[in-house]
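Next, two complexes with chain A in common: one pairs it with chain B, the other with chain C.
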Partner chain A sequence: MAITTVPETPRKPGRPPSPYSARPQRTSLGRKVRDNLTGHAFLIGAVLCFVVFSWYPMIRGIVMSFQRTRRGETTWVGWDNYSRIIADPSFWTAWQNTFYFTVLALVLGYVVPFFVAILLNEFRHAKGYLRILVYLPVMLPPASALFLFKFYAYDPSEAGLFNAILKALHLPTSQWMQSPEMTMPAMVVASTWMNMGGAVLIYLASLQNIPGELYEAAELDGAGIWRRIVHVTIPQTRLILALLAMLQIVATMQLFIEPLILANGAGAEDSATSVAYLIYQHGFFQNDLNGAAALGVIMLVVLAGFSAVYVRLTAKQD
Partner chain B sequence: MSVPQYRKAAAVALVAGLGLSLTACSTKSDDKGSNAAGKVTITVDCQPVGAQKELLKNWNDDVAEFQKQNPDITIKSVSVGEQCNNPPDFTARLAGGTVTDVFYGYMTDLQQVLDSGQAMDISQHVNKDAIPTWESVDPALKEVFTDGGKLYAVPVKNYSMGLVYNKVLFQQAGLDVNNPPKTWADVRTAAKKISALGNGIAGYSEYSAGNTGGWHFTSLLYSQGGRVLTEDGKKADFNNPMGKQVLQNLKDMRYGDNSMGARQLLQWGDLLTNAGAGKVGMFIGAPDATQAIVSQFQGKFQDWAMAPLPGQDGAAKGTLGGGEGYFFKKDLTPEQVKAGLKWIAYQKLTPGKGQFDYVRAKPQNYPVGLPQPLLFANGSDAQKQELELRKANANVDTTNFALFEATPVPIKGEPRNAQAVYAVLDAAMSGVLTNPNSNIDALLKTAEEKVNQLLAAES
Partner chain C sequence: MAQDSGTRTLISHSQLSRGRGKVIYWTLLVVVVAGFTLVFLGPLYWMVTGALKSGQEIAQTPPSLFPKDPQPQNYIDAWNNLALAKLLFNTFYYAVGAVLFQLVFDTAAAYSLSKLRPIFGNVILALMLGTLMIPAMVLIVPQYVTVIDLPIVHINLLDSPFAIWLPLVANAFNIFLLKRFFDSIPEELMAAALMDGATSLRTLWSIILPLSRPILGVVSIFAVTAVWKDFLWPKLVMPSPETRTVSVGIYAFAGGTPMNVVIAASVIAAIPTVIIFLIFQRNIMSGLTTGSIKG
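This part shows the complex of A and B:
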């Protein structure tokens, strides 16, 4: 077998060797840590934050979901908490409501910001002001924004903003959050208004990266605005679209503050009960932290499933 | 300092800083509340918040006076919010083991407190020597905080529900303020007249969200003579003519008469805010609801009066009662328990002191003369003293509560697993209050199935 040796690259003259680049081939772990002490030290803060505030609670939640604490004694109960939580009469209602909200939010909350971004991108004047205008609701604390909707927009009397508009248009008024049929659409509208600013800005940044020549070429080929969106804009922003769709699903499935404020919790005939709200009910009102942990783990698994699908899809696209 | 040394020093400082921060976060007093000089320190919660200026001053004055009388005891007060037991905060404190040495809880919290393992058995410590008025405390209240023959908390307040009504609106609607509704049919008639005043006024207002709907359903059901769960607590027992009547009464008022206002899905603060604004004619509540209306929601005492809970065809057959007490954290030393009991005896259970210092409260914006807390047993020495002091210093018109006080309704406690059951019953309440086409039979059947499922899963 022929043995080949790689010739050593000659150093450039006039530059002293860096103490960091002239490392021996075999470096001990301790040496590596010492060499990168500053980097590790700065990293430690972020890692600790993750450990303390993300990973530990997650692991603790999983452990708790297999335990039961009664009279100060914690015992292992296997899958009991899971079977109990699934037997909870509100379990399927909560999942049904949550999926319904997620689908509605995808239809409205996902599509609207994209088209708002396209619209803003088309404007030649007052771009900055319009962007601020769109982003403003994001700066409002969510609770304040939702109270605005609750007391001014969704007031079921004719004094409510939306009902006043409907009345002025000679249309029938709505009970909004007091109507089981309107609860979810009303929550999606409020949620979209509150959150779309961030998505619009991300879409805008993405739109501005699309080479102008593509649109010019499409125009020369006689493409109208709709065909330009379908054949240029969407393909060119597909990665961002996929990312935001994933984030949207994960965020909307954790629906909590909207029902808590707009519907005072469960809403009319349980129409606003979400999975996250059910976790809150079990954990903080029903003396059932273990059941809440089990439901939290179920939610984690479902969201992890969505994330896995996203990773697969984007990997293929890459 | 050379650059690499500087970087190392910065890194060490950063790590040390982080370490110190984490250490600071986990700092925990390791003393057992007593020192060599025999001084005992205890932490006590439910200190009024800053916005409750007079109540806070009263509390602090009580602490100062108590410590003067007991120089070997130090009370460290902790405020946990205006509502001393906000369930999410309370649960978090219990789960995290951060409750104070002597901590406030509702009567319905006993099970949760025991499950958390945070409370100690104080049976052997509580007696006439520790609390001079202990023999006068209503035995039924002691029983509520007793489990397996062991006492876990000292009761400090008790209430029962009645019909709270706005005298001004009654007068404006041409109703007799001295002859409030006695039956639900009377309530319906009065509500119709009051709501006819317009201006967004609800004749009768009711909860239907945040578990408060279920809570009030329970009281309304008790007024009919019903109960939420069977005797053994294993099955729902409200899907019957009495439960239907409760919902039918509400549906008739809401959609038959349109006398309950347009805005529903109300919970505690929503209804009292409307009441404070003079937009509610009647609702069911405890006497201290009027205190909340005045102190938190800008209402006026003189506007409000109270009657016994109405019944369906005559007097109510029952009403919901509840109350509060102080638990003792596990692992306290006997000296700390003794000090805690001494403090509670002084601040909560001595006529003329603390919560019963009516001379001090009289000029303040807090009511003296309300028929609560119903803490001492009928005919007991402490009750006689408390009633005399209350009468002598009343700053609210006691005639506003005379009817409520003079017509006691049998008090029933809350059902087992109350909050979970209330959460289910919220849906039935919200159903009749938000849907004109609601099917009462279906609502009750669904709620019954859910409660039964829930109880089965629990067992």
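This part shows the complex of A and C:
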């Protein structure tokens, strides 16, 4: 069969339809242009929103961090914003607090949901009920949940819920948010309670994809429950575990509403100040949007560093 | 998420249904159900009943399990003093608008990227997905500066609902969810429609959308809860008391209001999302897991 070179050929019979394009392949230029225009017309609304509220602010944030706007006049100031923000007495405290929170949240908020999911996956009863319970706090507005913790749970007197429980168990009570040592652990507990539901459900879904034969084989080889978790469950969910670790680090590094509501911002002896809170302080209270933008860029660089390490580690494993 | 009693998990089914295993299983089940109820429902109970207690009762030691002299007045005070009706209406209005804007623009974009595949479509998709890597806190300052003086048109969006609606359209996760769903719709259906002379818009409307109801539901629910739960962004772009969302309004009043009233207001603010969750929990959970797992 002769293949014609006439551009108007409606469809070449020998060519299989493209798996992606719904439109039959046509070579007419006008048609192609029109199809592309239609495609972009459908994209334009979302793309404009991305341009204005996402891509442009990304670039603008970097530009702003090297500028200073005073009385409506914007000048280039080099690294001034960076040196000013690093000189802020709270700068290193904020990073220390944020890292401390991230690590505590990894221990509590990352490990606990995994084992909760393993436990829930073994039950043949009350599954739906338990799943709803775990996810319920995720649906509360964070401000609502945090006021509950602030006023009722972390009340430093013995009328507070946690102190009443500790007292009933004859354990020493705590000052909670008014004690610099307890501030971070208390915030992590509140934050984990509010947020762990999502991780539990994601783990549950990935646990259900593990082939049962693997457990069967491990059991025949005499592996106990713990060894089955280590040698079957964890390797089989490795990818999702790694992904959620990354997502959680990114989320906890942005710690903001917990210090704002539980600790009124800085907390006892600056023990609650986070990097995100410092951005907020500089940007919207000290009228230093440029400094805040510089701190945002620093945060971006730190998180990019984390991501690079993460990609390295996960690439090596595969 | 069906009951998968057939599949083998960590511990074999037979081991759990015989002798010692059975005893351990049921003990553990009871302990976990009781423990989880206490941990996850307990605080909510404490919240709802605590807001019914009087000022003295809340300060007494040890705390009482039931309010001795229930004060529904706290809830009424919260409703009136904090103008909760107005705050709830604002939040509801922003949530509905967010759903509409996201459904229209994100669905159109996902349809284009999945089925029309115009030139540079993949580049645009990659740039969109790239924004998932950028933490929200990093963008908060330049986003705010952009919203108070939009580039080129120089419009100030402060206190305008568009300041909440439009940035939410730039949601790569939604577009990704929708695109993945559209990808699974067979091309033959599209081709058949095109043969009949249907336009792209007509195909989207009468073929793709009717098949996509589940995912559209998931996107809508996520949009509503995102607006209801968001705090810092609405706090920044809705500064005047008339335009506040409910969370921001409660926070603004928390300083000068008795704490039982603040808690009562928090309970009221949480009711809509809890109801949405109880009604749509299946859709929410499936959306959550399909979106993140198989990506």
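Definition applied: the second predicted complex is superposed on the first by the 270 of 318 C-alpha atoms of A that agree within 3 Å, B and C clash if a C-alpha of one lies under 4 Å from a C-alpha of the other, contacts with A are read in each partner's own complex, and residues count from 1 in each chain.
Definition applied: a contact is a pair of C-beta atoms (placed from the backbone, for glycine too) under 8 Å apart; a residue touches a chain by one contact, two chains touch by 3 or more.
Because the structure is a prediction, the values reported are computed rather than measured.
> Have a look at where A:G45 lands relative to chain B and chain C in the superposition and call it first, second, both or neither.
A:G45 sits against chain B and chain C alike.
> May I ask you to name which of chain B and chain C touches more residues of chain A?
C
> Please indicate which partner A:F284 is in contact with in the superposed arrangement: first for chain B, second for chain C, both, or neither.
In the superposition, A:F284 contacts both chain B and chain C.
> Determine, under the contact definition given at the top, whether A:R228 touches first (chain B), second (chain C), both, or neither.
second
> Quick check for you: in the superposed arrangement, does A:P156 touch first (chain B), second (chain C), both or neither?
first
> Just checking: does A:S179 make contact with chain B only, chain C only, both, or neither of them? Give me first, second, both or neither.
Touch status of A:S179: first partner only.
> Counting contacts the way the document defines them, which residues of chain A are shared by the two interfaces, the one with chain B and the one with chain C?
19, 37-38, 40, 42, 45, 157, 159, 280, 283-284, 289.
> Would you tell me which residues of chain C are touching chain A in their complex?
Counting only chain C, the residues touching chain A are 1, 3-5, 7-13, 16, 28-29, 32-33, 36-37, 39-41, 43-44, 46-47, 50, 58-63, 104-106, 108-109, 111-113, 115-119, 121, 124, 127-128, 131, 133-147, 150-151, 166-167, 169-170, 175, 187, 190-191, 194, 200, 203-204, 225, 228-229, 231-232, 236, 246-248, 250-251, 254, 259, 262-263, 266-267, 269-270, 273-274, 276-278, 281, 284-285, 288-289, 292-293.
> For chain A, which residues count as touching chain C in their complex?
17, 19-24, 35-40, 42-43, 45-47, 49-50, 52-58, 60-61, 64, 118-127, 129-137, 139-145, 147-149, 151-153, 157-161, 164, 167-168, 193, 198, 201-202, 204-210, 212-213, 215-216, 219, 225, 228-229, 232-233, 240, 243, 250, 253-254, 256-257, 261, 275-276, 279-280, 283-284, 289, 292-293, 296-297, 299-300, 303, 307
> Inside the complex, what are the residues of chain B that reach chain A?
For chain B paired with chain A, touching residues are 4, 7-8, 10-12, 14-15, 18, 22, 87-88, 91-92, 95, 111-112, 114-118, 200, 209-211, 262-267, 270, 330, 417, 419-420, 423-424, 426-427, 430-431, 434-435, 438, 443, 449-450, 453-454, 456-458.
> Taking the touch rule as given, give the residues of chain A at its contact with chain B in the complex, in rising order.
Going through chain A, the ones touching chain B are 19, 37-38, 40-42, 44-45, 48, 69-73, 83-84, 87-90, 155-157, 159, 175, 177-180, 263-270, 280-281, 283-289.
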